[in-house]
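You will see subunit A twice below: alongside subunit B first, and alongside subunit C after that.
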Partner chain A sequence: MNVRSQISMVFHLDKCIGCHTCSIACKNIWTDRKGTEYMWWNNVETKPGTGFPTQWENQEKYRGGWELVNGKLQLKSTSKAKTLTNIFHNPSMPSMDDYYEPWTYKYDELFNAPEGSDQPTARPISMVTGEYINVEAGPNWDDDLGGSPVYAESDPNLKGLTEEQRQQLFAIERLVFFYFPRICNHCLNPSCVAACPSGALYKRGEDGIVLIDQKRCRGWRACVAACPYKKTFYNWSTGKSEKCVLCYPRLETGQAPACFHSCVGRIRYLGVLLYDADRIEEVAKLPNEQLIDGHRSLVLNPNDPAVIAAARQNGIHDSVIESAQQSPVYKFVKEWKLALPPHIEFRTLPMLYYVPPMSPVMAQREDDTVSSVSSEFFHDIEQSRVPLQFMANLFGAGHQGKVVYALKKQKAIRTYRRAKTVGDITMDVAERMLREADCTVEEAEAIYKLTSLCTFEERFVIPPMHREEAIEMMREPSEHKTSVGFGFMDAPQRGL
Partner chain B sequence: MTETSERVLLQRPLRTAATVLALIALFAVPLWGQEAATDFKQNCMSCHTVGGGRLTGPDLKNVAQRRDRGWLTTFIQDPKSVIDASDAYAQELVKSSRGVVMPTLPAMTKARVEALLTLIDAESKLEKSQFAGVQISERPFTPRDVEIGQGIFMGTIATKNGGPSCMSCHTVQGIKLFGGGTLAPDLTTVFERYQGRKTLSTWLSAPATPTMQSAFKKQALEGEEILALVAYFQSTLARNPEDVSAERLNFILVGLAGALLVMGLFDVIWNKRLRTVRRALVQERKLETVNE
Partner chain C sequence: MISPGPFFLDQIFFIVAPYVAIIIFLLVSIRRYRTEAFTFSSLSSQFLENQHHFWGLVPFHFGIITVLLGHVIAFLIPREILAWNSHPVRLYVLEGTAFVAALLTMLGLTSLIIRRVTDPKVKKVTSWADWVVFGSFVVQILSGVYVALFHSWGSSWFAALAAPYLWSLVTLTPDITYVTAMPWMVKIHIISAWLMIAFAPFTRLVHILVVPNPYLWRKPQVVRWYAAWRAFRA
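And now, the complex of A and B:
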């Protein structure tokens, strides 16, 4: 057992309202520089939809992630030989058009327009070239209903749905969508790190954050092609690639990352997971249907004395182990089995998990009245307005079992709380439903509390980062302390 | 230290110096002689022979009997100023070499001239001088000679000593497709420029330019090969050196075709590259809508 610690995340999609506050918080802190205009380290996608960049989940086109070839894990986009032959032309590189060309408006024309008989306008201009452009795409062009049917109907997750299901999904009165916020997954088996010819990408030993060393990056962009989630970006101004840093400077000072902190729906949870690094390769090679269980089995119980001893032996600080014991992520992923990794079939073993969303209550219009189509208070999970196969393609590597389990448990807890607070459902029915969903009353209460009444401290259990220990390997901490921090860009001088 | 030992110490360097000088004296004469011979080969032999008859310049056999040593020294060191000074004999020389003025060599010191003159004197006394020039048959050219000459020029026939083909650097009008090299002068009318068979042959037997020297030093052309080449150069005289349009056009066309071929090859190699996702998707959907 080789115990490591990883800062992991859970996004509770049932709570996401699609307000994009997270994206704006991230943009303002990290990607408002020249060359980063088109980047969204955090973006929110509407599902069904094609996402950012367009159809990023379609690896037949983008060739990201890993594949199993004769029992060996191989990168889809590159190999040692291909790195050499394709080094000046990577054939799997998305173009800026596949993301979108960032634009702003020429406000000068609006404010300084001479008096005239027609309304002045501010025409859109490209933030890259400064030329006038026709805006054709944006980071969430298929936002809500804006892009359908071109975008929503081309969602790669619609694979395996019947023609009838597809038609129902986009029928006027049944049309349904949910939101899917995405940041870097800080994977256990990151393909971006594996693909880099310069060795510029690395996974931080102490917390598993995946970073690009801006000094070693040579801009080959192999990581851009290799990441199946398309979460590394090329900065055309600096000639280096960049990605989500999980706001590590904030984490190191005990603050939640900006997108977590600003989340209006409080959908985001963050905490430490302890995992067994020795079994990563073995798990990444499992067949699709075993991947989720395998991935879960990598996560170790932080209360197990054997795990604690092994963690200590690996130099993991007691305070980090304590933090792991409090981790909300551990509860969602391992204890309650509510949170599932996105597209685990890409085999990068993402460490950002999603609680799949319940679909809106099914209703039907009859003449002038709208009524629920189900006899029960909540609809049958099997009859969800978002077809289960769609959810399974997104969170279950195509298999519905784990998704159904998570949705049924959520439905049972809602029913249970309805019985308790409103009382129009009997407790017998509610408790039977809980049992069927593999959930005890205590667990239901705990899930309810962490979902609905959670405090800041409960959502974000940030471990002490012990930078002084990490620095110690390279420098005397007291010496380092005097050479960092805030200071003058231009030192003040005497005189005029 | 005693007085005796001091004297011994002083005497030793003197004795060593004497030995060295003696050794130098022993080898010096043949060394100098050899140097003059090399000098002659490199700088004089392309225009002059000793007892081999006239080339561009006159045969130098017994030149010392024609002019006195003082005049010769001045002339060899700076031919141009002697000619410009309206020296009658020098004027006559220029006329007989059809206006070609002997080049002034920059480092032609008095000692070098002396050595050369001594060498020429010595060679003049011999029955057959080593500078009589390559003995090239004077038989008339046959069409076969021209053919072999062209082969040697284009490198399809290897020379006996393995010298480089002329075409690597030179061109002659009328060579198919691209023409020859452009590094060195066009040789279409070289036969005329070098005033005919005899001089051109001699020049080829001992080329006088540094580039040719280094290329042919160890791989000199044989007499028969030179004959064939000269025959070839005579045959090319009729061609017009100014007419290069066909070769240039060919070069551009073949270059373009090659570039297109390489681009096509790249397109095939990276055929599965990611071209566009979003634009293609929108386009495809638009077409579907139109068809419906």
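And now, the complex of A and C:
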């Protein structure tokens, strides 16, 4: 057992209101520089929808992630040999057209326009060329199903759905969607790291954050092609790739990442998971249907004395182990099995998990309309308005079992709470449903609490990073403290 | 070694220039790597324009690498090259390959220069230094192709004359008698090469210095530890 600690995350999709506050918080801190205008390290997509960049989940197009070839794990986009031949032109590299051309408005025209009979306007101009452009795409072009016949219908997750199920998703009175906020998953088997020819990407040993060394990156852009979630971005101005840094400067000072901190729906949870690094490769090679269980089995019980001993032996600080014991992520992922990794079939073993969202609970699909009468108070999970197969394609590698489990449990807890607070459902029914959903009353209460009444401290259990101890062999920490800061000693400017 | 006289200019171009160029190349590259590591990048513009990119970059790079490799090989093993060329068929094969590679380079370069001026986004990220690089490549390739066409057979006389000249520079006993009698186009080719070497470390050409060969043997995943003691154990 090779115990390592990883800062992990849960996004509770049932709570996301699609306000994009998270994206703006991130943009203001990290990506408002030249060359990064188009990047959204945090973005919120509408599902069904094509997302950002367009159709990123379609790996036939983007060739991200890993694949199993004769029992061996291989990058889809590259290999040692291909790196040499494709370094001049990377055939799997998306271009700005797959994202969008960033723009601003020529505001000064509002003030400088000569007097006339027309209202002056501020026309959009490209943030790359400075020329006037016609805005034809944006980071959230299909927000709230906007233009869904073009966008939502090309969602790669609709694969395997019958024509009828697809129709139902988009018929006006039955329309349904949910939000899917995304950041870098800080994967255990990151394909971005494995693809970088320069070795500029790395995973931090102490906390698992995946970063790009800006001084080692040479702009070979292999990571952009290799990340199946398209969460590394190429800065066209500096010629370097960049990605979500999980606000590590904030984490190191005990603050939640900006997108977590600002989340209006309070859907985000963050905490330590201890995992067994020796088994990563073995798990990443499992067949699709075993991936979720395998991924879960990598996560170790932080209360198990054997795990604690092995963690200590590996130099994991007691305070980090304690933090792992409090981790809300551990509860959602391991104890309650409510949170699932997105697209685990890409085999990067993402460490950001999602609680799948319930469809509108009072309504379900009938033959050709939506009906709000059900044999039970809330709709049947199987009849939910978002077809289960769609959810399974997103969170279950195409298999419905784990998704149904998570949804059933959420439904049972709602029923139980309704029985308790409103009383129009009998406790018998509620308890039977809890039993069927593999949930005890205590667990239901705990889930309810952490979902609905969670405080800041309960949502974000940030371990002390102990940077002072990490450096003490090299330098006197107090002296170090006065001589460093964030940022560059030399300006991060494009060379000639 | 250097004395005024009929060959004074030749001495400047073929003795002073190469040494100055190589010294500039080394000093500036090292200084830039140590103090401005951030600026070492291929400065790829594939992200801004993805289609035309292929038709310029790929032929250019494969072409230029083949041509350069040819120069280096003929410099390292001139005798073997001469022996190889003693059979006409083998000579034609070698010259033909080199010529095709040169054509590829030329086509690629033309294509990528067109891309630089026609695509508005790519134009935006093109600096004056890029134009110097393009300009010197144009001179270099055109003079090279001219020499290949009109002063045959280049591969043989390179091995017989240019290689000894280069070796004389390497061994610090510069001897320009090999080059003074060469046709003026060859001289242009050599002089512009020295200029390029001197200018390279200021430009995007530094990406050649950081070709990622360690990728071939490193493990797929990279983990960095902050704790000094862990760095050794991991």
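Heads up, the rule we're going with is that the second predicted complex is superposed on the first by the 465 of 496 C-alpha atoms of A that agree within 3 Å, B and C clash if a C-alpha of one lies under 4 Å from a C-alpha of the other, contacts with A are read in each partner's own complex, and residues count from 1 in each chain.
To be clear about the criterion, a contact is a pair of C-beta atoms (placed from the backbone, for glycine too) under 8 Å apart; a residue touches a chain by one contact, two chains touch by 3 or more.
Since we're looking at a predicted model, the values are computed, not measured.
Enquirer: Does subunit C touch more residues of subunit A than subunit B does, or is it the other way round?
Expert: C
Enquirer: Using the touch definition from the top, say if A:Gly398 reaches subunit B (first), subunit C (second), both or neither.
Expert: neither
Enquirer: Contact-wise, after the overlay, does A:Pro124 reach subunit B, subunit C, both or neither (first, second, both, neither)?
Expert: After superposition on chain A, A:Pro124 lies in contact with neither partner.
Enquirer: Just subunit B (first), just subunit C (second), both, or neither: which does A:Ser92 touch?
Expert: In the superposition, A:Ser92 contacts subunit B only.
Enquirer: So, does A:Pro53 touch the first partner subunit B, the second partner subunit C, both, or neither?
Expert: A:Pro53 sits against subunit B, while subunit C stays out of touch.
Enquirer: On the A-aligned overlay, A:Gly138 touches which partner chain: subunit B = first, subunit C = second, or both, or neither?
Expert: In the superposition, A:Gly138 touches no partner, neither subunit B nor subunit C.
Enquirer: Regarding the shared-chain residue A:Lys215, is it in contact with subunit B (first), subunit C (second), both, or neither?
Expert: It touches subunit C, and subunit B stays clear.
Enquirer: Can you pull the subunit A residues that subunit B and subunit C both touch?
Expert: Dual-contact residues (subunit A): 89, 91, 93-95, 97.
Enquirer: Which stretch or stretches of subunit C touch subunit A in the complex?
Expert: Going by the criterion above, the answer is residues 32, 35-50, 53-54, 57-58, 60-62, 120-121, 123-125, 127-130, 202-204, 206-207, 210, 212, 214-216, 218, 220-230, 233-234.
Enquirer: Looking at the complex, which residues from subunit A come into contact with subunit B?
Expert: For this pair, the touching residues of subunit A are 50, 53-55, 58, 61-63, 89, 91-95, 97-98, 100, 136-137, 149-151, 153-154.
Enquirer: Please name which positions on subunit A make contact with subunit C in the complex.
Expert: That would be residues 80, 83, 87-91, 93-97, 101, 128-131, 189-190, 193-194, 196-199, 201-206, 214-221, 224, 234, 236-240, 315, 467, 469-471, 473-474, 488, 490-496 of subunit A.
Enquirer: Which bits of subunit B are touching subunit A when the two form their complex?
Expert: Contact set of subunit B toward subunit A: 270, 272-274, 276-279, 281-282, 285-286.
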